[in-house]
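Down below is the structure, laid out as structure tokens.
First chain written, first letter: the chains are A, B, C and D, and each begins at residue 1.
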Amino acid sequence: MSVSKMEYRFLGRTGLKVSAISLGGWITHGGHVTDDDAFASIKAAHDAGVNFFDTAENYNAGKAEIVLGSAIKKFGWKQNDLVVSTKIYFGLNNSADPSNPINNVGLSRKHIIEGLNLSLERLGLPYVDIVYAHRPDRNTPIEEVVRAFNHLINTDKAFYWGTSEWSASEIADAWRAADRLNLIGPAVEQPQYNLLTRTKVEDDFRWLYGKFGTGLTVFSPLKQGILTGKYNGVETPPPGSRLAEATDKYTKSFAATFGNETWQRELKQVEALKPIAEEIGATLSQLALAWVLSNPNVSSLITGASRVEQVHQNIQALGFVEKLTAEVLEKIDKALGNKPVVPPLRF
Amino acid sequence: MSVSKMEYRFLGRTGLKVSAISLGGWITHGGHVTDDDAFASIKAAHDAGVNFFDTAENYNAGKAEIVLGSAIKKFGWKQNDLVVSTKIYFGLNNSADPSNPINNVGLSRKHIIEGLNLSLERLGLPYVDIVYAHRPDRNTPIEEVVRAFNHLINTDKAFYWGTSEWSASEIADAWRAADRLNLIGPAVEQPQYNLLTRTKVEDDFRWLYGKFGTGLTVFSPLKQGILTGKYNGVETPPPGSRLAEATDKYTKSFAATFGNETWQRELKQVEALKPIAEEIGATLSQLALAWVLSNPNVSSLITGASRVEQVHQNIQALGFVEKLTAEVLEKIDKALGNKPVVPPLRF
Amino acid sequence: MSVSKMEYRFLGRTGLKVSAISLGGWITHGGHVTDDDAFASIKAAHDAGVNFFDTAENYNAGKAEIVLGSAIKKFGWKQNDLVVSTKIYFGLNNSADPSNPINNVGLSRKHIIEGLNLSLERLGLPYVDIVYAHRPDRNTPIEEVVRAFNHLINTDKAFYWGTSEWSASEIADAWRAADRLNLIGPAVEQPQYNLLTRTKVEDDFRWLYGKFGTGLTVFSPLKQGILTGKYNGVETPPPGSRLAEATDKYTKSFAATFGNETWQRELKQVEALKPIAEEIGATLSQLALAWVLSNPNVSSLITGASRVEQVHQNIQALGFVEKLTAEVLEKIDKALGNKPVVPPLRF
Amino acid sequence: MSVSKMEYRFLGRTGLKVSAISLGGWITHGGHVTDDDAFASIKAAHDAGVNFFDTAENYNAGKAEIVLGSAIKKFGWKQNDLVVSTKIYFGLNNSADPSNPINNVGLSRKHIIEGLNLSLERLGLPYVDIVYAHRPDRNTPIEEVVRAFNHLINTDKAFYWGTSEWSASEIADAWRAADRLNLIGPAVEQPQYNLLTRTKVEDDFRWLYGKFGTGLTVFSPLKQGILTGKYNGVETPPPGSRLAEATDKYTKSFAATFGNETWQRELKQVEALKPIAEEIGATLSQLALAWVLSNPNVSSLITGASRVEQVHQNIQALGFVEKLTAEVLEKIDKALGNKPVVPPLRF
């Protein structure tokens, strides 16, 4: 199976180029995937042109960073050929490592700086390309947050900073503080974005793209597997599916929604997408990934992979983006019935 | 005797969380307490959830910092799990070490930077969380002071800076300079505060909390022991009391006030508190500590301890805070007759 | 043959003094010239008073920097006695080394910082005097570019930054961003400038000199050899000439213009210069170099040399500058017919 | 002979305290004085309370810095107990070492940073307290100069910066640039000042003291010996006097003025001071030094010394300052007839 040619996009308005498909390590690296399988997937992604690897301090309590750093060392890659990002907010505080969380969480200057220093130690790197604030922290003044991320940039520990799961107004507030203090604002936001979850990216954020040049690195393109169609027509999560084998608290809480009202509505939406996928010769998963990439505000789509095969499948979705013509996109909107209705922007 | 669950509060408007009870080292660490007893007290405090340890360059001529640093090393604690603060102003210049004080005192850029560098050497740490200006220095322009503390933050030697025993207008002047220069203002002030000493915290500073987010780390909750009630009804300082055994100049000068007019008035105030303490089932000391903590502008109450037992007693005061209802607080104010009368704030 | 006394000029409005004749390494260092010949030329230039040596990350895929750095080490020169410049934009990406160019090209913060770090490694130096943006990058916000070059200056990796082959409006935009952010603007531009290529330096840039103090370090004084007169009266590039032996893509593309309309016009212009060169007793090459140096906005003329003899010949051009009186310059303008007609500047 | 108690003064408006008498190394350290004598003088000064030692990169071509640094190491002094200053402008370029001066002179960013780095190497210190611009450099934009000195402060290589032999308007221009860029202005100027040379300090600079808090560290209190009275009534420079034995170009050029019109006028002024010196029981030299110190705008008087005895004699002048009452000062002004007549300041 040949792999599509990789495409590179600018990270929002910055000069940094990231592969349109990137590889993340959440729940996989240092988690339910063996290190050898993780190394193989990372290698396969790199071979296929993926230059952007995403992780976070809390992914598998720091182990995801250790795996990614070990891979970079093992394969002898140089940082100028890679884009590495990590995220600071949660510390190591998850079910696997209930360490003292008092100042090891949130966006105090202390945790932002100590957190990234510990991440860099785990990664075995002197710097990352992008450091994200993994969540907003309404208990810390935005000025303290903006100053601390700029401090990381000024001390050569990161080139850019971004946000993850922040609201449009929180991002705008960060830019307001940055502008007032002559500092650098957040270059990129990392939200969930997929065929079933569109409001934030297509409505809330719509004015950020032009005004602040906000880039998007988006995750969960298959919405935990619903958009593969594998839950359509089944009464219980099939054996081997992530929902059936959930061990971490995030997946467990998602598994608990199995079969509820929202679940039923979304299965119907997935059903309605099937003929469109067939029309362009794609699987539902390929359609779902290609659709995310068809949004020009998306800088990179973060994918996960347990096996090399999945890496290749994800990247192949790139080949279907050109088939998503205006006509096909309109059919999708009609089938889903969830396209945000937004007034035109005025500045 | 079980120890109350620790409470954590934000340091003023910052994102830093400090234990409501913290442990200081003035006169104890490196002073009249053996190192082994100091280590035991520090360990007991840590075990009880205290994450915040306070010291200063001049406490026992630098020895307090050496003791605290040694404890952190001995117990293998990591800085991300601690909040360590020190204070710069007096150098090592006290009765025990009359070294050349010329530029080893005050808030010149030279002493602020050299002073903290020497403190960090004694502590064996690369940085502290908070560095205080231990006193105002009216001979150094506030711009020089603000720039120097920001330099410490910019060079990764501290995360926050604060003041100790500054007046409200001096703090405001520092913020004015910081705002004009786009620099970071002082996050916290460290004043004396107890049932008998209320004006500064409750009157002078009242507009700072909302305007600058000034946090308070307060000391002397028992006013050198008067609020324990142990001096009520005695003609001379009892053997074993701090006043009877004063060796340092600070305590000696306080001992000299024994029995004077203020002393007599304060003993009467203490007497009037006894029925209230009984009513809530607390000792006078517990009432005094709990009352300080009942002020929401207090970020942390700095306590001293010669023995492990005192650490536990101090922390137990936390259990009485909830008993200080509006009704009880009003009784206290009437008993003391010293509540500042302040007009409402207008901005 | 004795060598003219070197002249030193300020680099634009800065306090840095550069030799009016400087030595560049494009296509020579690490390229078609052996290392021993390169070392000899560098030594000869230095002996003749040249203090300014120019290179770039992409010149012979990094090898030019290695040669220059080796020479400095070999001869034991100290950086305070030299002015070393390099340029960042193209990475190592040329025909000799088609390495992964994704983020190894352009003016992202990532490439500016990583690029210079790699250049300094190749040079074996802790810093350069001047770092240039080798081309404009219209895909990266000017604010990101200006901040990144200032970061290099703030972290002691360069003293000044400049541009190369930027337009007047791009330079002005960089100054506008620098002024708004209180940062340092580009001190110098490196354009092509010679008797046949005058518009940019004499027309486009004319208001930059007074307003921003823009200095010029210019290259290609002989326009790839045309101004030596060696192509006049020949039907094909003579054996041994650069055009006949072109191996790199730049020279090949230039060779392809041999004989076209522009080529014919320029040969006629060169012909018309011959009597003027004779009048002042110079060769055509000497006239061409001296004429460039007669422009007071030129801080330094970057020359190349394959052999020591060429170094001496280049420097001898300095001796003819004083012969270019107002009268002679006017004759040249008439002979060429290419002097830009520009209105007087108003501010 | 007992030595007067040292007095400490603030360096202009900064928080730095310098001894009113300081020791300089011009022509002595590394020059006509043996290292052992220099060490002895430095030690004697330190023992007498001198905490401020002044040098410059060019004093005896760098040797003065080596001697001062060696003394500090030899005696085991710590930087927090000292104030060390050096000056950057001339490089090593003097008669003893005519090294290549191209960029090793002046106030380019290159020379300011490289110059101090080389000075610190010679001194064997990580930083100085004060770095001076030894002369104004009208060829370098004031913005470049102010930024470069601030860079030294920001990179922990100096705490304060100052000027030497700048005009009032040049100092004001530096402050204007510093204020506009939110940077630190020059804290101190080092001019010549003595009974015969008053205009700059008492007239030109008079508005700088209040507006910018400019401190003064002054040199040449005896005007090369004239104020000792030793040249009164002699036809040729007496054997053993500095003028008779001049070897350096500065002293030689001064020696050349022996006997000219200015010389004659100044001898008369010295003559007129004799009865006043007698009246207060001082030698002429003591009167001259005490008079300089009686100006409250003088932060420190830089003295030179070839022998320990001179150190003690210089410091004894402090004892005569209190004898310079308003009445005595008026007598001096009348005797000299050179007091600048200045209008009152208006702001």
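The criterion applied here is as follows: contacts are C-beta pairs under 8 Å (C-beta built on N, C-alpha and C of every residue); 3 or more make two chains touch, one makes a residue touch a chain.
By chain, UniProt protein names: A, B, C, D = Putative voltage-gated potassium channel subunit beta.
For clarity, every value in this text was computed on a predicted model and none was experimentally measured.
Any chain that touches chain A and also touches chain C would be listed here, but there is none. Both copies, chain B and chain D, contribute mostly unmatched positions to the interface they share, with under half of the numbers common to the two.
Annotation: 45 Å between the Cα-based centres of chain B and chain D. A separation of 63 Å divides the Cα centre of chain B from that of chain C. Shared interface positions of chain C, defined as residues touching 2 or more other chains, are 154, 182. Judged by the touch criterion defined above, the protein chains form a single closed ring in which each chain touches exactly two others. Chain pairs that touch one another, listed by label: A-B, A-C, B-D, C-D. Of all the residues in chain A, the ones that touch chain C in their complex are 8, 10, 13-17, 51, 79-81, 83, 129, 154, 156, 159-160, 182, 184, 213. Listed in rising order, the residues of chain B touching chain D in the complex are 100, 102-104, 106-111, 113-115, 118, 137, 139-141, 144-145, 147, 151, 154-155, 181-182.
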